[in-house]
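What follows is a single structure, written as structure tokens, with notes after it.
Residue numbering begins at 1 within each chain, and the chains themselves are lettered A, B, C and D in the order written.
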């Protein structure tokens, strides 16, 4: 399936959407296809990831972000569409459903575990506990029946649909990721519909050579997309490095609404898919970002 | 440190003890050293593992087992010391703190997470929920503040001391395990004192070649023991296979109290350490059990 | 009985019939929770007979959908041979996540003692504190019984001491006290025992009372025989079905599986294996 | 001030002094929660200056106790260069487990706005619903501030808009409303802010009221200067300590670190870097 087909088939207006990747394999290609298809009123959950959120916000695709951090990590520098939306309501008012990094991870974990909540030893006493006021009960406390202590609990997140960008998957959807996993394993398994985008599609034999690298198994996967470089400008361990220059310049290049529109046209709406995006990026940059190989981690699985 | 020194220094009478390994790397060497040192009134927690429990019970080391299953998995067949203790009080009455496999795993996970409890969607309505009556509150329900449903919760387990048998560790205690992990990662991290026994001691460089294989990091580890074949008669992926014949015969060889005492003398109290045990086992058997190598699972960590 | 004779096997044991019946309950698209020990054989047969890529979840946190290439049958759910043939390995919490998310469409479990509501006891015979006979304990069956969509119990002996009115100890939840008591306790409404398969018959559960009733007879078994060997006053379907005898092919695979199991130290009772060397 | 002049650096910026002071707070046996972005530089300095094998936990679930061999400084806590130099990698839940088990003995965090009880705001200036200025949000700092044994806040600017009486939004818990309010809220009693390090000084917290007070001055800074630039009525220790100026070696490493950071696109204000090219 192509990313275009997968997003068309599984991502719908008003959905709660999980987008995977924390540093490693951020789902930029998926997010940009969502923009091209002009989806509306999506709620996006993701532990952090400023410039991805910023693009979805700027394009008017999302009216709620559920996250712990929205900024350009390179610098660090502000993300202007995000600021424009919250401070000025441009292009629309959005809700920032404030999370802490660990709180949203525990919410995904609750979703992963098929449980309605997870306890966490934090958040109490902070404003995150109950802001914003218009998104329902964000956290509560329960009394531990064993120790008597009051402990904070956070609710499960079970998004309607999720997308991840991983190093490799087989054609059935068994997907493997290594390096940083972030919230990706628990986040994607908590979703109702699942799209796996992979740098390479491999034979199932390759999956079975190190089955502990699998983060989601085929029985839950609805679409497999072969999407090389789908994480650019983030990195994918073993495949390509972060495009620091591109990410650094993003803040400068999107500071005004006019500049943002030029940027959006150049990188998103003016291209049809990731292959065309890569043409805009250019062979020279691709060559520069390509990872130098470090093959390691084999162990003896013998018996 | 030798196993003898480690058990002497860190395992004390009346301790709650975690013993690692579920199929892969069951801590037989540690358990047998505990028997040789004649510890008393230990409570042993471990998700399952019949013939290891059976030896500790028969030797009078433990008066409480916290587990979900105690039987000889090969056959399957009964474990006689276990039955003698519960049915006849020989050598002493013991408490079987009934768990389900997943319940005890969640209790270890709570301990791992530094949380007082974990929710679980089971156990309610069963006799496991509240038997035995004399071990305190085993489980309870709380009302989910988000969905309103009543959900079962189980308390954290935080053993005084734990031992694991892993494939490899560095001299500081960074320990790696692959193949089945069972309850070993969460169990050992929930312990207050930690002994790592490893088939091989490797340079830290080897650990850093696939850091996701680490199940416990050095900052928590109190003792590192180089203990080849410490898991026999269980297996260790990549090192040796299960001694099926030995395990099958165990039930036959320990059926009567007299037979058990002969077995105990031969394999445990009559030897001083694992090296001597391996002499009793014999070179031929060792050769037969040695794993045929399947080196695989390398991936590209490049950037 | 109207079944074409040439296709079917004439001589087989009740144990073999139980395995064949269990195997027939497995569908190609099932997400199966595979457990030790008789279900392991039934699932092995299903992989050999019909669905080599059946999707299996094991309580150790291992997912598999390829036929194990090793010549040997795994001796247990923890056999290291399983690892390099799996599509996922993690830990028991990963297996629990699949159960709790409601993704298991079929679980097969073997037990020794079951009551009329499909609750099972693998813990103790007699009073808990003064047991007559101590059993091993439940392992992961408590959650598998609690959370699988279709649950099938295998009993290798159909007798009054195995199929009882009331248990000394509930290790694994069936329909608890019947009617809506299971759902009231908190288990998902779309879960619970579907069938009990014994050497004699298949029982199903009344949709209202949740009591097990005789639904289908294995060949050459009578209703009376089943009732006589069941402790509670067994209700019987209006039309009791007649189960197709095992085919020659089914029995071939069944016996191969039993032989493989014996090679891996499974203890099978002599009366179950009388045809194995023929 | 009694400090041997030949050993010390004469010219340096307040930002550099802040980093040097932070670095000095790190002990060899600390289990350090290392965070973006100024703490990253202070920890990098500590590894270069004194403890190359300092044990670090990162919120992505990565534990490290070797000096990164790469010539480049990681551009962030998610830089892929970190992976093949770690002793453990997992996910954020693994990092949370270390925090919740109480194993972190030292955490360094940078923030933009802090109040007198050591609470911080990285969320919003002005009313939450009608913000004057929206900030990025807290990331993992909420738990790191809540659960680390010794917590040190770094502020790169000491001004009244940065050190305030009361926050618009508490992103990260300090001592909340002071006194025992943090413990009452449920945080472990042995946790909480230890110090605030700014370009001008180091503040500590009163053991009873939990209000921050001036404990030590960076060289050439007066008590008045600190008080004037703090919004609340800052209390002052009976004997305000005088902080040792940065040594030539410390500044050397500090500037190398700052240069490395700039190479990795860290934005440093021009007034902090005036000595970098000298």
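Convention: contacts are C-beta pairs under 8 Å (C-beta built on N, C-alpha and C of every residue); 3 or more make two chains touch, one makes a residue touch a chain.
Given the structure is predicted, the values throughout are model-derived calculations rather than measurements.
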**Request:** Treat touching chains as neighbours and tell me the shortest step distance from subunit C to subunit D.
**Result:** 2
**Asked** So which chains count as neighbours of both subunit B and subunit C?
**Response** A
**Asked** Hey, which pair has more contacts between C-betas, A-D or B-D?
**Response** A-D
**Request:** Measure off the straight-line distance from the CA centroid of subunit A to the CA centroid of subunit D, and report it in whole Å.
**Result:** 28
**Message:** Distance between subunit A and subunit B based on Cα centroids, please, to the nearest Å.
**Reply:** 38
**Request:** Would you kindly tell me how far, in whole Å, the mean C-alpha position of subunit C lies from that of subunit A?
**Result:** 42
**Fill in**
Multi-chain contacts in subunit D, i.e. residues touching at least two other chains, fall at 62, 79-80, 83-84, 89-90, 93, 96, 99-100
**Item:** Per-residue multi-chain contacts in subunit B, two or more chains
**Value:** 114-115, 120-121, 141, 149, 151, 179, 209, 212, 235, 237, 241, 291, 294, 296, 301, 303
**Asked** All pairs of touching chains?
**Response** A-B, A-C, A-D, B-C, B-D
**Asked** In their shared complex, at which residues does subunit D touch subunit A?
**Response** 36-37, 59-62, 75-80, 83-84, 89-93, 95-96, 99-100, 123, 128-129, 131-134, 136-143, 146-147, 169-173, 176, 181-182, 185-188, 264-267
**Asked** Which part of subunit C faces subunit A closely enough to touch in the complex?
**Response** 31, 55, 62-63, 65-66, 79-81, 83-90, 93, 96-97, 99-103
**Fill in**
Listed in rising order, subunit A residues that touch subunit D in their complex are 22-24, 47-48, 50, 67-71, 73-79, 82-83, 86-87, 96, 98-103, 105-106, 109, 120-128, 131-132, 141, 149-152, 179-183, 185-186, 235, 237, 241-242, 244-245, 247-248, 291, 294, 296
**Item:** Complex contact set, residues of subunit B against subunit A
**Value:** 114-121, 137, 140-147, 149, 151, 153, 155-156, 167, 178-179, 209-210, 212-213, 235, 237-239, 241, 291-303
**Message:** Going by the contact rule set out above, which residues of subunit A touch subunit C in the complex?
**Reply:** 112-115, 170, 174, 189, 204, 207-209, 211-212, 214, 217-220, 301, 303
